[in-house]
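What follows are several structures.
Heads up, the next two complexes both have chain A, just with different partners, chain B and then chain C.
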Partner chain A sequence: MRIPTLPTWFATKASSAPTKKDRSQVRVGIPKVLNVWSTHQFWVGFLKALGVQPENIIFSSDTSEEQGREHGKGRGTVDCCYPVKCISGHYGELVFGQKKKINVLLSPMLYSIPSVLRGNVVDTLTCTRVMAGPESVKAGFLKERDVFAEQGIKYASPFVSLGDPHCVTDQLYDGLKDVFELDKKETEHAVAAGYAALDAFNAKARGQSRKILEWCAINQKPCILVMARPYHMDTGIGHEIEGELQAHGYPVLWLQYLPGDLDLLNWLFEEDMRIGRCKNPFDINDVWTSSYSSNTNEIMWGAKVAARCPWITCVVRLSSYECGMDQPTFTPAQKIVEATGTLFFKFGDLDSTKPAGSVRIRIETITHYLSKYSEDIIRKKRAYLSDQGPLLEGEWPERPEVEAESPAPQEQQEQVISVV
Partner chain B sequence: MSLIQIKGTGGEEPISQMISAAMPMRSAGVGKLCGMDVGSTTCKYVLASPEGHIIAQAYERHNTRQAEKVLDFLNRLEVEHGFSPETDRVFFTGSGAGLIAPLVGAKVVQEVVAVAAAVEKLHPSVRFVSEIGGEDMKTIFFNGDGPSKSKQVLMQSACSGGTGTFIEKTARKLEVPLEKLSQMSYLGHTLHKVSSKCGIFAEADANTLLKAGVTVDEIIASLFEAVVYQNLATLTKGNTPQPEILLLGGPNLFFSGLQEAWRHHLQKVWKERKVAIPDDKDPSALIRVPDNALYYAAQGCIEVGLREQAHIGLYKGAKKLRWWIEEGQHEEKKKQGRGGLWADIEELESFRSRYAETPSTKPQPDIAPKPSAQPKVAPGLVGIAPVRGKGLGRVVVGCDFGSTTAKAVCLSPEKEMLFSCYALSKGNPIEDAKLLFRQIREALGDGQMLSLAITGYGKDLLKNILGADCAVVETIAHASAGVHFFPDADCICDVGGVDVKIMILNNGKVTDFRLNSQCSSGNGAFLQGVAERFGIPLSEMADGAFRAQAMPQLSMGCGVFLQSDIVNQQRKGWQAEEILAGLCAILPLNVWIYAGNLNNLTSVGKKYILQGGTHKNLAVVKTQVDFIKSKVPDADIVVHPYSGEAGAIGAALVALDWWERGGRTGFRGFEVVENLSYKTATSVETVCHWCPVNCQRSFIDVELLGGKGRTWSKVPLSEGWERVIVNNSCPKGLVEDLNEMKAIKAEIEKTKNAYPNIADMVRNEGFLRAH
Partner chain C sequence: MAQLATLPVLPSAPHYTAYKPRPFKREEREDVTLLFGGLTWKHERMMQGVLHNLKYKAEPLPNIKREDLDVGKELIDTGACCPTIFTTGNLASFLKEKSATHGKEHVNNKFVYLTAGACGPCRFGQYHQSYAMALDGLGMKDFRMFLLAQDELDQGEGEGGGLQINMPMSLGLIWSILCGDVITDLEYRIRPYETVPGQTDKVLQESVEYMYQAYLNRPLQGGKWGTMAWHLTTDYFTKALGEVRKMWDAIEVDRLRPKAKVKITGEFWLQTHEGDGNYNIKRWLESEGAEVIPPPVAVWLHYLMHPEIRKLERRQSTSKHPQLEHKLLQVLEKVYRGTYNRFRKALANIPYELPDQIELINLAKPFYHFELRGGEGHMLVGKALYSYHHKKAHMVCELSPYSCMPNTMSIGSMANVMGRYPDLLYAPIEVKGDAEVHALSRCQMILTEAKRRAQQEYEETLKETGLTVEAIRQYEAQHPEVKKATYKVPHMGHAGEATNYVLHLARDKQIARA
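Right after this comes the complex of A and B.
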């Protein structure tokens, strides 16, 4: 190991001071795909810290059939994973569909991602197909001629382990130094800014979820948990199926943003920890030992939370066509959820087409069961827990007594707003 | 300098001259060479001298008699050209080659290899070939030049989308003769969206467009557009077709409109992707359709044959082929096919004794559940008389307003079935309701209706008008009726005339649901259509299928190919009853695997309820039972005892539950229903404008106490009236116009704002650049 002498020490310090380049005119396009749906604000924070103007950070629009037809035509991959396949449309939109051209197309290959479960699971990796997605899609733009070069665009696809913060500075420096003329120090600073922005967003979203649960607890109303991968929030991939349930008057939580507050989780998992089923509320070893995949881990954890939280009376599972990562989780996740009588519904094999007729019938089916069974489910799940729990404490008004009898069915039905 | 003289698309030389000039021989044998292309719709041959000079060529449709047409060709070759066994050589290619080639000593050349060999020889500057066949499509990309020249082949043959059959089938539906179709143009027409994915979808789209008044010319142009789009979208895989381009195969040759569509799209792609075009060339001249486009595969066989040793592909004469046609194929038919729908007579009898009891011989049972056994009544209770003399006492009523019939049942609070009736739908739900309620009123006598629930297509339209207490979604209605009889049911499989519904249950609740109303594969209408074509009445279909001792193995999946497969099997000598048995046998595969996408039935469960009209066919029930048991050996499969009324019974059970929980009916009363007065409007003002189809809807305005009216409508309605919209072809048409949509959306937004969705926050704030 080299021992720094005084002159080298000072030399290093002098050269490592951030020498911020003027990047105010650089326009960066980011395809809004895959795990960008859960790491969005990292990239915003990172680029802003590098001096890229906010208006020069361009995310592609939501996935749509038109986007694929117009911009991805003939550049498709043979991938059977639709969320990967549709990336070519996003690339095409950023390359050809911008009034003001972009200079950089930034499409990170995310090897791992941050997770609330980190430390309690083997790893928080992404699906290999998803991680390598940018590589296979890029080929369609390079195969015959370098379309990016022709359009004056630098293509940047850094390999990033966002789940391991200590690796990220080196990885992004290596992957982007030529694109943005980076130096190490400013990269480190920008990475810190990226994490800060993402953490702030996640905290806000988790806070919102907690508020929803508190509202449900006070009003003794049910809510729905969507169990899916982050990109199912893309309206072209998840088809806003959960939005139709919301339109029937049910608040909707997503497992990615379930509250991570210990007061709440300790209450929900109190008995499990007491009997030694799990060490802490984030421990999923009792149900999923092969816990290396981040989104899969969170799906299993979400199932555990949903099974225990009284006001989550229904879980809606979304899964894309032939998703090999989802496949092994279908039965265990469903069994965990249903173990406490919580309703479980699955929309599988989603691809580019929204099966509107079938979705409409299923939404009506789900709302029927929700209105019929939610109250019993809440009552039953409350009985498993020790006391009234943290959601009903504090400044909130006293909880109204649960009616001994069900309200007249007609009253229940009036809450349902029909959707066309 | 190349010896090949290639002119523009209009004035190609005959292939024989071109080939003769182009082919100096390398390893000439002593005999002549014949290249035979046995395709899905036609046979083609090219005969060449030992040096490769073309002597003769022919092309004819085989009308699914591939072997016979090949024999005919060989006979002609022997007589007219002295084609001789043990001297001359023969090389086969095409989808029918594998079976016939060994019978005459021919060597099989893979189709794409054959086409590529001909193209490389005749058109060395070609970089992209599209060959569209009757049931497949292929593209070949050539890269590089000289020794480093490589090719990439992409082929699609599993689906009818983008093939010749796709075009012809739709054109036939539109009654466009082939001669006319070949002259029809692409350019200059307004294009409409026609599904490029599937021939059956395309046919449905074409029908809808025709109904909406779109001209046949525009539909055909849209069809050409769909074919080219499908080829470019699925078979280029990231490659750009570079000039020069060669279009081969029957459809590319015969349909000039298709050629126009190719030229239009390829030139557009070249412009978009900045493909360099030589200044002296007209881009459209770089896309060639040789006059002999049909013969390239056969010609390629000769090219391949010339490279082979002299003993390869030596013609053995047509004797064995003749034997095959006259006897062998019939013997083979039995070997290749499978046995009938039953193993032995005991097995069939045991099946019949469980599943085939006629309702007329049995008393009508109560519907109180008998979970231990299959209820001893088969489907078909429609129109029965009341069983309790005059008056039914206290009842709950369930109605199922379907698209073809409306049904109603009355249950006692003890869940006994007291009455059931039906009305054939007249397309006016008010009239249908009047008919049903007249029958219920008569049966009810001085009894009392405790509650009313309705299900089916008309449920939302009629709920308020009738004052029904619950509008029940069909899954819940069917699941309630199914679970009531079989509380441990895991799955309900409803195969109707036009759709297939699979409901997967868990703890008595529908957790997953598959609906297939877009593809004809597996539905009853397809089966019925084939039976009708064979002149077999519906009622005799099952007995006929059971009589078959053997049946052909038909292919699962696409209905377009299944139709040609049936013709093919017929040519092989399979009889109507055997083919029907074969169809019944593949129905479960089409239902569960192709339409339901359920490959693993063990994960679905053990108890299956079969219902819907198609399960009135006992042969289908047999194949369903056999199929499910082959996947889940300990499965228990039952046919719903009231298959036709399951929806109405389920609705009645929901109505009963509602009443038991304290609900009191809001039914407007028989008098009000009977006297419902309405007026119907069908005009330009009632046309639906949500999509280009522009359905001609009708508005049925019903005078109703408390009706809200529609003062904002183009066809205004005053207070005290309610509107029912009919003749729309999709649910969107139930919304009158933009004004109503705005009102509905505003209401939805209000609810959404009150009940947050975390994904909305992510969509709105996750990608914000400035906070």
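Right after this comes the complex of A and C.
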């Protein structure tokens, strides 16, 4: 037993509860760009735990050409893909476009991100432009003079590997301690709160996706999987293409929120595991060996799920102009999806302008094929799976008779690839 | 999982699977040629010596040609960066040519391709996807391609045992790359000043052949650690480089030619390459009156191995002794730099020293975080500022492939650097492979100012020292050793070779003023 001495006896006892500083008046602006689209709940949870009021956490609005013109003009430093290029507009909106000024502009450099595939892939890194985007964009606000300082805004761009939770407290403490006057303990507490918020949100969204699939299974109706990067949810980048499809009555699932429930996935990948094609439902080594990039890995995994799930009869791929991460995946992803006759449509080279006319024509084509072939696709894909599936809980319709090989109809194959 | 085996067999779905090469068997080794490429002909010739020494048949792919770009474009998905397209087209052109002569089956069985893989988030680590797609397009899915991880010295035996990526191979290849670097540095420091045109290239050719023989006859040491100990302690390579130095002694140079010194940086393949892939920009710069500082591959390897930079990569490490591993890496890094310096010393210290990676990190810090991976990361910013602060070059020419993801980000950050250092001459050149005039004319705009600065600096130094060209010529006639290519002119605080030479003669050699 340790013998108490005077200094230890009278020493201030460390409290288990983190010190709480008053940050209720601090207004934090977060550019709603890139992988913030899949991690926003972490940042909300993190800041709330630090005492920042929810109403003082301000996300920039969806990307638009007006936003870029009004707030980002002259701030661009390099020509690259639109999802990165447009960040200048988001920064500008937060710096110049707020009625009530922000105090901190928080633009994290995300090195890695959480993923359902973690442990089954080499890594879950972000794209090099996603992680380095803030460095490139901030240059446009610093090259002539320090715009942030002029506006009384603290610019904070912590380097953080959200995919590696054990590193995050140290990284955020190092990156934000001067901005928020943090101490280590409260950072740790806030990081835990951030992950809890993110996990809760993801679980809820995945649960919703599962309900959609259940509805499709019970009603033998098709749904569409949108295979894209998280920022394609931004109406100015993804151009609401999935919304137009939904308007035709087809439920839409987003790749990022596909259900990860083992009962469902074990059923979909039962045969793959039996013949050793993959070790478990999250293993993508059979289709993608250089599995470093998190979003790319998930795209390949989503393609595998879509190829196997009977009610996902159509995959719509969104890809932005000059996306170097998407480029090597174009053919493999399409081949994975089409191998089982699933419809595949790609909207490639998306940029700042919405090609409304051609999108409308493509939507008509897609819905035509969906209505014509979905029933057949569901029937054929069902035949590859065992009868005891989890979605219907014993209410399976009669098992269809199908041939082992089921190539996509010729007419369908001719139409599946087209670029906006 | 045990339950799965008892389930009824279902109709098998025709699922897609990625390219997987069939095994390369040990007994095939004598008949099968390893193809490789991606560096300069000098590096590749010495690497060939290493592979021949290990009893492999090995052949570098032919140097990249403009036509390879068209061949590559036809075979892979649109939107690829030009290094991907060029290297894919290069491999495809070779395979097509060989197939036309010997048939596809022969090529599938008698050649394998060895390429670098694993580069984190950048597309560089995914080039092999494009190669696989090209093989599919050529109807040669049976052709075998294997990946060589850049960060593992001992990857063991590949499936079939035909290819053993072990210590003798890895260290041999690294050592040959280091020798290729120092000889390349020598080449670029000498050629602009040679008095007999073409002599440098001739001696270069002989030097590389000499080094090929040195690698071919490398004494093989037993075991993993024996090989490592031998490579770290032997004077075998420094002696060979010493012989090379004697060859270069014969070249006479005229250093009183003020030339703009141009530091080449950029994306790894594009900056290293010498040929159509980057519009032959290094030769073009020389023809325009510049002295080029080529980027050594050694800097890239140094970056990959540096313990501070790699810290985050070990975040998933399950090692029981992380501190010990870190210390070992620190020792390894020191040994690596020491080896490079030994090779430089064998060539009279004329090749440039490796920049201090910690200094690069610190220089880049306000502009680009050093842990941002992909491509050259913070090094492009760091190297530009290193050249600027140490007055190593008049101008930085950054070669960036069109749509290169990491390069575009550091170029963006350079806007901030340029705001802070407006007199830094920086030419980011986007290379598509088929827009030569545009790229070169852009480079020329900055080069004009660099040349003006080089001339001005030279003239001011002459004035300041009171030396005249005639006095220097007279000194050279009396001391012919200063005209030797291997005479080391120390860096006297200026970028230009001519300026440093004048200052060196004035201060160190005490030439009388006019």
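Things to note:
We adopt the following convention: the second predicted complex is superposed on the first by the 375 of 420 C-alpha atoms of A that agree within 3 Å, B and C clash if a C-alpha of one lies under 4 Å from a C-alpha of the other, contacts with A are read in each partner's own complex, and residues count from 1 in each chain.
As a working rule, contacts are C-beta pairs under 8 Å (C-beta built on N, C-alpha and C of every residue); 3 or more make two chains touch, one makes a residue touch a chain.
In this text, all values refer to a predicted model and were calculated from it rather than measured experimentally.
Superposition of the two structures on chain A leaves chain B and chain C fitting side by side, clash-free.
Once the two complexes are overlaid on the shared chain, A:Pro31 sits clear of chain B and of chain C alike.
By the touch criterion defined above, A:Ser293 reaches chain C but does not reach chain B.
In the superposition on chain A, contact of A:Met131 is made with chain C only, not with chain B. Of the two partner chains, chain C is the only one touched by A:Ile336; chain B is not. By the touch criterion defined above, A:Pro54 lies against chain B but remains apart from chain C after alignment on the C-alpha atoms of chain A.
Within the superposed three-chain model, A:Cys80 lies in touch with chain C and out of touch with chain B [touch as defined at top].
Once the two complexes are laid on top of each other via chain A, the angle at chain A between chain B and chain C, using C-alpha centres, comes to 70°, given in steps of 10. When the two structures are aligned on the shared chain, A:Pro259 is found in touch with neither chain B nor chain C. When the two structures are aligned on the shared chain, A:Ser209 is found in touch with chain B, with no touch to chain C.
Once the two complexes are overlaid on the shared chain, A:Pro390 sits clear of chain B and of chain C alike.
Closest contact between chain B and chain C, by C-alpha atoms in the overlaid model: 5 Å.
Overlap of the chain B and chain C interfaces on chain A comprises residues 77-78, 139-140, 143-144, 331, 349, 405-406. On the side of chain B, the complex with chain A involves touching residues 232-233, 236-240, 269, 273-274, 460, 469-470, 472-476, 506-507, 509-515, 517, 597, 603, 658, 661-663, 666, 731-732, 734-735, 741, 744, 747-748, 751-752, 754-763, 765-771.
The part of chain A that touches chain B in the complex is made up of residues 32, 37, 40-41, 44, 48, 54-55, 57, 59, 62, 73-78, 139-140, 143-145, 150, 197, 201, 204-205, 208-209, 212, 226, 233, 235, 238, 242-243, 246-254, 257, 331, 334, 338, 343-346, 348-349, 355-358, 360-362, 364-365, 368-369, 405-406, 408-410, 413, 417-420.
The residues of chain C lying in touch with chain A in their complex are 1, 4-5, 7-8, 10-18, 77-81, 117-118, 120-123, 125-126, 128-130, 133, 312, 315-316, 367-369, 371-375, 403-406, 408-416, 418-419.
Residues 77-80, 84, 109, 111, 123, 125-129, 131-133, 135-140, 142-144, 159, 161, 164, 166-167, 270-275, 277, 286-290, 292-293, 304, 307-308, 322-332, 335-336, 339-340, 349, 381, 383-386, 402-407 of chain A touch chain C in their complex.
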